[in-house]
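In what comes next, subunit A is part of two complexes: it sits with subunit B in the first one and with subunit C in the second one.
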Partner chain A sequence: MTTRTDRILDGLFTWVGRLIVGIGALFMAVPALFIAMLSFSNDQHIAFPPKTWGVNRYVDLFTSDTWAAPIGLSLRLAAVTAVVALLLVLPAIIGLKRSNLRGGGFIEGASVAPMLFPVAAYAVGLYAVFAEVGLLASFQGIVISHVIHAVPMVVIILSTAMDQIRPELELAAMTMGASRGRAWLGVTLRLLTPAVAGAAIFAFVSSFDEAVFITFLGGPGLVTLPKLIFDSVQFGVDPAITAVATVLMIVTSALLFFATRLRKDVR
Partner chain B sequence: MTQVTATSHGADKTGGAQDSVTLRVRDLRKSFGGNEVLRGIDLDVRTGEFLTLLGPSGSGKTTLLRIIAGFESHTSGEMLLRGRDIAGLSPSERGLGMVFQQYALFPHMTVADNVAYGLRMRGWDRGKIGKRVSEMLEIVGLPHLSGRKPRQLSGGQQQRVAFARALAYAPQLLLMDEPLGALDRSLRLQLEEEIKRVHRQMGTTVIYVTHDQEEALVLSDRIAIMEEGRFAGLDTPTALYQRPPSTFVAKFFANANLIPATASADGSIECRGSAFSTQTDLRGPVSLAVRPRSLRLEPVTNGLRLSGAVVETLLLGDDRQVKFDVPGVGPMVALVDARQQSELEPGAAVTLHAPAEEITVLEA
Partner chain C sequence: MAAPLVLAILFLVIYPLFKLVYDSLTQGDGPGNYVEAFKSSAIRKAILMTLAQSAAVTVLSVTLGSSLAWTLRRATRRSVTAVLWAAVLLPFWMGLVVKNYAFALLLAREGAVNHFLQKLGLIDQPVQLLYTAFAVVLGMTYTMIPYAVLAAYPTMTMVDVELLNAAQGMGASKRKTFSTVLMPLIRPGIVASTAIVFAISIGFYVTPVLLGGAQTPFIATVISDDIFTFFNYPRAAASSVILLVIAISVLGLAMKAVGLKAIRGGLG
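Moving on to the complex of A and B:
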């Protein structure tokens, strides 16, 4: 039996639910839209609403030396991180999945573990280690920290993709006369390619976005783009960061969108 | 059926000659840890024959096939392909064909490219490959699908492509690992016919693994029945069915009832009050294998008589399956003509007869 009160309550809950979802979406999207809007202002300071409109901040961003070096460093770091992470994980995953190695599950689990620790705590630990071995404030040190940060994601992506490639495919290729290496390259690795590209993009983005490790381990010499943004907010706001943030958001989401598409192609 | 028997008899006569044997396996053994899964397999696969490895799961049939294919190593024994020792060779060097249960087509290649794979590995030139691929697709009835990707095909179509792919380079020996296991019944029947037709057409030597007794009956020239890593019987389907060599084969393959009995010095059999004469050399306690079809309601002059109580009857079209219980022996199954008017109500007493010539006397 539905009473009047029930109906009112039902309606109420439906609307409350919608409201919560709406507010959530708003909270996630509005800052991004806000920043994007502010980046197209020619005001001296960041202010809302903008009094003047224009692309001065983008001109600043792409012409001033302040931003060029950190962007270059970030790109280099991200590229090296992606390559190193793949070179580490790809052979390991194939080894784990194509052998009857005991404890393989444990190794895979352990490689995902860095994901579970708070990044800041991990960074403090690395600081102590790096101080011992002289890796503080070095490019290699930052690469190591970024690789650690990227490995869990790369492991998960490649491991899931490998699970979908049946070992019989390689065996079939081999019975038909392909050597083990040829079967592996022409079939397994070929089928893994979209996942490899996807994993590379994720690793790249995770490094490009990373602000915690660099703050702890980078020292004064190494300034990446996220670090510079932090610094510029701390020591007087350079309005160009609105433009930086907008470009970052667009590039990152484009890359991630592309990576997701690639992963879908595997199936 | 007559053709099958004729072929195997023909092969029998030349059985000793090396050139008529495609694969020779001698005392092949395989252990996993301390567990022996293959315990001395001896097998001669004759050129052109369709040989089935039949057995329940865990009997070692797939392991044997995988060892022949080169996917797994064996512990000891010999394997000769056309007289050449293949034990140390990699799968690619053995030059065999293989069809898997889950098709194992390359998902990133078209149907045509899949069929062409083995030919490309053998360095055939483009023109020859193209001709051969369309010829093979013609044989399996899929010439119109050559440009499709495997995921656009049904299971039956995928398995046909896999079949064409494995046969394209005319391997000396084709291995098939439960190729119909993933398909539904009507499709299975259809593909059975097709496999039989292509086998006849191409004359390839085939080793086929299945746990499906009917599939084995329909397809095979000879069947090797596997039990716990050994051959429990290796013969033509007819021979295995009508004269099972062991109680395991009788039960697993011929669906026979097994009845304990006693054989006396002159070869006559005593069983639950009835006695009849046979040619058996066995003495003492024996097992009688009686197929359901051999049991009938009419008395026979020389044969077995069993009395019991009907448990249930099932109408199977022309036949009526009668399950009945013989005190001291246990549940038995008989197949009687359904057109006969009979009082086979559950609980009714029933006496069934089997003629001596349809009874196989086996070691108990």
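Moving on to the complex of A and C:
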């Protein structure tokens, strides 16, 4: 039934498939490895291949005071964003999932939607609203935009986690004498804790990495780490950025890897 | 308990979009803002550029992404899946600005790509790679591949592999099995992936600025110029609404084709 040409074409098909996957995987890895490699060059200017090796860029990074203030601002923003996003989403998701309220799906959909909107258009909308209420170029304004930016992911994580926790467990605890509150704290919230921690990390990282809202809404005064990198890449390149970028990559990867693991623990 | 979230969505998601539409029709020249936007050759060029490059990004990301997703689905060795997942999620983990910076360095005149092309004897002089449409498409594809993989993966996990074996057992070639058995089964995932990648792509700001420069303006760059350089907010609002309408139409079409569930499932 299968002819010789069929077999040859099939073999070709398989190899083209493997080639695509191979190119894909390589393409994913190269930029990260490249930055990390360049960060260990001691050359005056960034050049490839590096002529001298060393850790000068890391010394620059930790001794220069260019980076301290933006990193501090980014950390504060990220921490506040994570807390506010959780306070907003956690009660809502628990309420929606345990009450079978009508419209729950709609609320969930509406809170996930910003993930799919073109960021630039949405940033202009926020710009107009913030101009109206005087939140432009303010810490609070940026927190609000970062919270909205983080909410979709937090909703997705917590909602999937809640779907895995069976309401029967809570009922079982109550039939065995636990009060409603105790059943809730001891069973549902406890089972939800890894997902909550995971969601907090995702929210933290999404704010720490955010570069568009801060450009549209932050004004000249608020300079976060991504904004500083964005600006310095646009207007001349400081070689120390390779070191900042490498440190950032490692920290973010570790955090997100941990958060992904936490998410899986619930399942 | 959902009240704070609902209020936040009303005031911070729905109201800004509503205000955008309202302002674009009432401020400045009113509906004339749209006429003005379409009359401006810079904006027309930006819209065409954005659509063409986003289409290229979508084709590349969805092809590479669904191939990777299928490999992830079929791989049995834990070490293989771990390495592949790490590769797929790397762009997420790198951070938006950092990965664009990496591409800026890779594609620069004295960058690695030019270096290797010269070493291989393919070119004599360094060629201009950075600040071209090619650079923007490459950088955006890199960013969008994780979305493409995650959007296509859920439908792929639901495919019964035995069906493929059955088709081949009954004499179908691999190509035939792919086009008549596998493709129809994974279509919802592919459509969701295509719509999600395209809708997000057209709103890109950082990549076109860092890798495209002035040569390849995106709608987002034109919008930001309108606000911060020309102080023409009404026209910026009109361009933003155009962007939104395109995104919503694409998502709506996809939803009609494969259902809300496939799109929602594609988000993680």
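Keep in mind that, in the parts below, the second predicted complex is superposed on the first by the 263 of 267 C-alpha atoms of A that agree within 3 Å, B and C clash if a C-alpha of one lies under 4 Å from a C-alpha of the other, contacts with A are read in each partner's own complex, and residues count from 1 in each chain.
Following the convention adopted for this analysis, contacts are C-beta pairs under 8 Å (C-beta built on N, C-alpha and C of every residue); 3 or more make two chains touch, one makes a residue touch a chain.
None of the values given here were measured: they were computed from a predicted structure.
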For the three-chain model obtained by superposing on subunit A, do subunit B and subunit C clash or fit? fit
Which holds for A:A245: it touches subunit B only (first), subunit C only (second), both, or neither? second
So, A:R261: does it touch subunit B (first), subunit C (second), both, or neither? neither
Looking at A:M176, would you say it contacts subunit B, subunit C, both, or neither? Reply first, second, both or neither. first
Which partner does A:D10 reach: the first (subunit B), the second (subunit C), both, or neither? second
Using the superposition on chain A described above, determine whether A:A32 touches subunit B (first), subunit C (second), both, or neither. second
Please tell me which partner, subunit B or subunit C, touches more residues of subunit A. C
Using the superposition on chain A described above, determine whether A:K51 touches subunit B (first), subunit C (second), both, or neither. neither
Computed vertex angle (subunit A) for partners subunit B and subunit C, CA, steps of 10°: 100
For subunit B relative to subunit C post-fit, closest CA-CA distance rounded to the angstrom comes to 20
So which positions on subunit A get touched by both subunit B and subunit C? none
Residues of subunit C defined as touching subunit A within the complex: 1-6, 8-9, 12-17, 19-20, 23, 63-65, 67-68, 71, 83-84, 87-106, 110-112, 115, 142, 145, 171, 173-175, 178, 196, 199-200, 202-206, 209-210, 218-220, 223-224, 227, 233, 236-237, 240-241, 243-244, 247, 251, 260, 264, 267-268
Which residues of subunit A touch subunit C in the complex? 1-2, 6, 9-10, 13-14, 17, 20-21, 23-25, 27-32, 34-35, 38, 46-49, 87-89, 91-92, 94-96, 101, 104, 107, 109-129, 132, 144, 147-148, 151-153, 156-157, 160, 208-212, 215-216, 226, 229-230, 233-234, 241-242, 245, 248-249, 252-253, 256-257, 260
Okay, in this complex, where on subunit A does subunit B touch? 166, 168-169, 171-180, 182-183, 187, 190-191
Please give the residue numbers of subunit B that touch subunit A in the complex, ascending. 69-71, 90-92, 94-98, 100, 102, 104, 106-108, 117-118, 121-122, 165-166, 169, 175
